[in-house]
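Order of writing sets the labels: A, B and C. Residues in every chain begin at 1.
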Amino acid sequence: MGGDLLTVEALAAGYGPVPVLHDVDLRVPTGTIAAVIGANGAGKTTLLRTLSGMLRPTAGRILLDGRDLRGTPVEQLVRRGMAHVPEGRGVIGELTVEENLRLGALWRRDRTAAGHALDEVYQLFEPLARRRRHLGHQLSGGERQMLALGRALVGRPRLLLLDEPSLGLAPRVVAQTMALLRRLRDDTGLTVLLVEQNVRSALAVADQGIVMSLGRVALAAPAARLRDDADLRHAYLGF
Amino acid sequence: MDRFLFLTLDGLSRGAVYAAFALALVLIWRAGRIVNFAQGAMAVAAAYVAYSVTAATGSYWLGFGAALLAGLLLGAVVDIAVMRLVDHRSPLNPVIVALGLVLLIQAVLGMVYGNEYLPAQTPFSRTALTVGGTAVLSPYDLFVFATVGVVGAALVWVFTRTAIGLRMRAAAFAPEVSRLLGVNVGGMLTLGWALASGVGALAAMLVIPTELGLHPHAMDLVFVSAFTAAVLGGLDSPPGAVVGGLGVGLLLSYVSGYAGGDLIPLAVLALLLTVLLLRPGGLFAPVTARRV
Amino acid sequence: MSATRAAAPQARHAAADSARPGRSLPTVVRHLAVAAGVALLVLLVSYQLDSFRNFQLATVAAYLCATAGLTVLTGLCGQLSLGHGALMATGAYTLALVQNAFAERGLTAGGWLIVSLVVAVLATVVVGAVVGVAAARLRGPYLAGLTLAVAVVVPALTVTFDGVFNGEQGLAVPVAPAPAGLGSYFPHERWQLWVAAAATLSCLVLLANLVRSRYGRAFRAVRDDEVAARLAGIHVARTQVVAFVVSAASAGLGGALLAVLAQSVSPGAFGLTLSLFLLMAVVIGGLGRLAGAAWGAVLLVALPDLTHSLTNLFTLSPAAAQRLEGNLPLAIFGATLIVVMIAAPGGVQGLLSRLTRALRARWPVGRS
């Protein structure tokens, strides 16, 4: 494990004149899972949107593998190894499962590697393989989740940004997703920034917990401490 | 009966052109939620380029190629230099800007080429061949069918079978997600404008020789007819545009054959009004009274 | 033009006043007073200007009816119409037909012109109601497409029914000369200006009052948010039809006045280009402001005149000069429309308001 894959320093961002994020600092070491937790409206989605370039920061720096991302257009970030699965997952309903997946790998020059990545995703998520020709909007919630994750994975990202993957899913599916993330981290060294409202399941897989409140990082601590220290949990998470 | 057959075939040939033009409208509508009201003027501009090239080289085909190229370029330029800069939050804005383009393009054409009708050539005879004593199709009609057919098939192939087509569809349906997946959404939109404008130029090349000739306003009524066709088929549906185009072509051919060519404008207006009031979502949309 | 410019700040206060029902009378009185002032001004100016300028000013007045009507529709009620050139054609041709019918029956006295103008407006109201009912059901590009079709098709109908409208040739419009009481050397153009100004001022007073009335507020509510307007108890479709009809009536009057001024009508004058011109005029003037409509109307007359002077500066072959003169104003209009929409969507009047607001902020004395 070499250093931090993602470093954020004094980041501020917002929508037009409305500031949302203030002075956000965080570090995500390579090959770890960081869970960003916090109440509704705390700015978690805004943080991810700023990291992936959809919102322009008003101050601060974002470093991926030590390189400043300033001025990098959104569509270039996949080429730098960053994949963002947005809130609501962003499966394109008008395209088939296969087309959605192919889209995730289109930017890759190496067509054979991209083809292999596609096959791997079909092995990982068998229901998708059976529904290749179905349109995105014909899928169930769980299948969409698989498709969104799979589409991010065919790009072989180093950093995966996930915005509330468990939203609206059955507990069994949430558990499977978390187990998958853990496996990807352990097997491939994937780094994950996981935004979750489902604090327990997020902390169960995460290495680090980052608590956001009113657009600021209120606490960043090892996940184990957040899990085990009742006082800390009480103070920051309210349970 | 002979006359009916003739009018039907003639209508289909005319309709093929409307279909192509309507298809161009649908392409831009799907890509950017803009009805390109400047498409007629842009297509005429491309046809004037063909006129100049043909006059200089004596070759119809060089002119034809030049028109397609000019159409593609003009579409890209209009997107990059104009449409991208427009604030799209009010849907009125792009419409008004497109109309400004109409004024500008038609005026520039008038300044360069004058406001008289110029003769437009056809590469094949427009005299109908007779089969068993019945006038059916002219070689030019066959050329029209073949060209529109080839272009339509090429578009279908590009959009459904190629990576660039997949990118273009994705960018149109979900621009933000597409950017996250590495698609250059702005570039895809420009490409969409270029393709649509190229198809529009092609339609202009095919239809202008069958009407009064080349004139800055030559495509005004064609635009209205093609818009009617696009609405008839549903602005979101490429197959709908083709069906709508053929339908409008047939209707106008029957009107002009049985009631007189002077009534064509009125027939277009009546048809558009009827469609908008009865089926605003197009013939293939669900019947729910959708507010458009 | 100066009338509406002066009226704008007052109107802003009046808006607050008329919110209270008991105070609505002063608005009418104020508008009438301004109109009387402008009428006096026009009267004085008409003696200072030569015949050609009088004629041009009369043309501005005619266009102003149409641009003001379009402003009410597009700027205040949020409905785009590309068909106002066709509505002007309706007014113009109706006036021509009625005037000709009067002339055939020997009714050549000047007073009959008023009847013809009224009939022209009524005919346009009918056409406007038909289009307006359809328009109220349509939005965005669908509405634009329908009105565009109207703009393209209606002028073509003069050829379809050339038995009535005499095709591309058009119709002559017999108009009585200035009343003998004004003296035998009274220039016809000055009389034309008087007629046009009187009609336009009446039209503007009516529109200005409408804008400040319950209906005006309904227009703006519908423009800003249809759903909210409906929840507030406004009948959206009916409001939109009213706006369209009012707007059409104004355009019809403008067209009829153009016919009176030119003493002829032909389809060439009312093509798609005219409709686009009108739209351009209200956009450049500033969407939603009656004062902007005045700027637009002035531009419509002044810009062709300017380009005419401009082309005269160069020695061009007659053919080239003709091409340039006919098309340069259109090119400038088109380019201006694009630039204004991109750079200053508030138009000329929007820039002026911003300027005056900035000035007032620096010298707050004028603020009550």
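Criterion: contacts are C-beta pairs under 8 Å (C-beta built on N, C-alpha and C of every residue); 3 or more make two chains touch, one makes a residue touch a chain.
Keep in mind it's a predicted model, so treat the numbers as computed, not measured.
Student: Can the chain contact pattern be summarised as a line, a ring, a star, a complete graph, or none of these (other)?
Tutor: line
Student: What is the chain whose Cα centre is as far as it gets from that of chain C?
Tutor: A
Student: In terms of CA centres, which chain lies closest to the overall middle?
Tutor: Answer by centroid distance: B.
Student: Report which interface contains more C-beta contacts, comparing B-C against A-B.
Tutor: Between the two chain pairs, B-C has more contacting C-beta pairs.
Student: Between chain A and chain C, what is the gap in Å from one C-alpha centre to the other?
Tutor: 58
Student: Between chain B and chain C, what is the separation of their C-alpha centroids in Å?
Tutor: Taking the average C-alpha coordinate of chain B and of chain C, the gap between them is 33 Å.
Student: How big is the gap, in whole Å, between where the Cα atoms of chain A centre and where those of chain B centre?
Tutor: One centre to the other, that is 44 Å.
Student: Enumerate the contact residues on chain A facing chain B in the complex.
Tutor: 52, 54, 74-79, 83-84, 86, 90, 92-95, 99, 102-104, 106-107, 151, 155
Student: If you look only at chain B, which of its residues touch chain C in the complex?
Tutor: On the chain B side, the touching residues are 29, 34-35, 37, 82, 85-87, 91-93, 95-97, 99-108, 110-111, 114-115, 217, 220-221, 223-224, 227-228, 231, 235, 262-263, 265-266, 268-269, 272-273, 276-277, 280, 291-292.
Student: Residue numbers of chain C touching chain B in their complex, please.
Tutor: Residues in contact with chain B: 74, 78, 80, 82, 134, 137-142, 144-146, 148-150, 152-153, 156-157, 159-160, 271-273, 276-277, 279-280, 283, 319, 323-324, 326-331, 333-338, 341-342, 345.
Student: Considering only the defined contacts, which chain B positions touch chain A in the complex?
Tutor: It is residues 163, 166-167, 169-170, 173-174, 176-185 of chain B that touch chain A.
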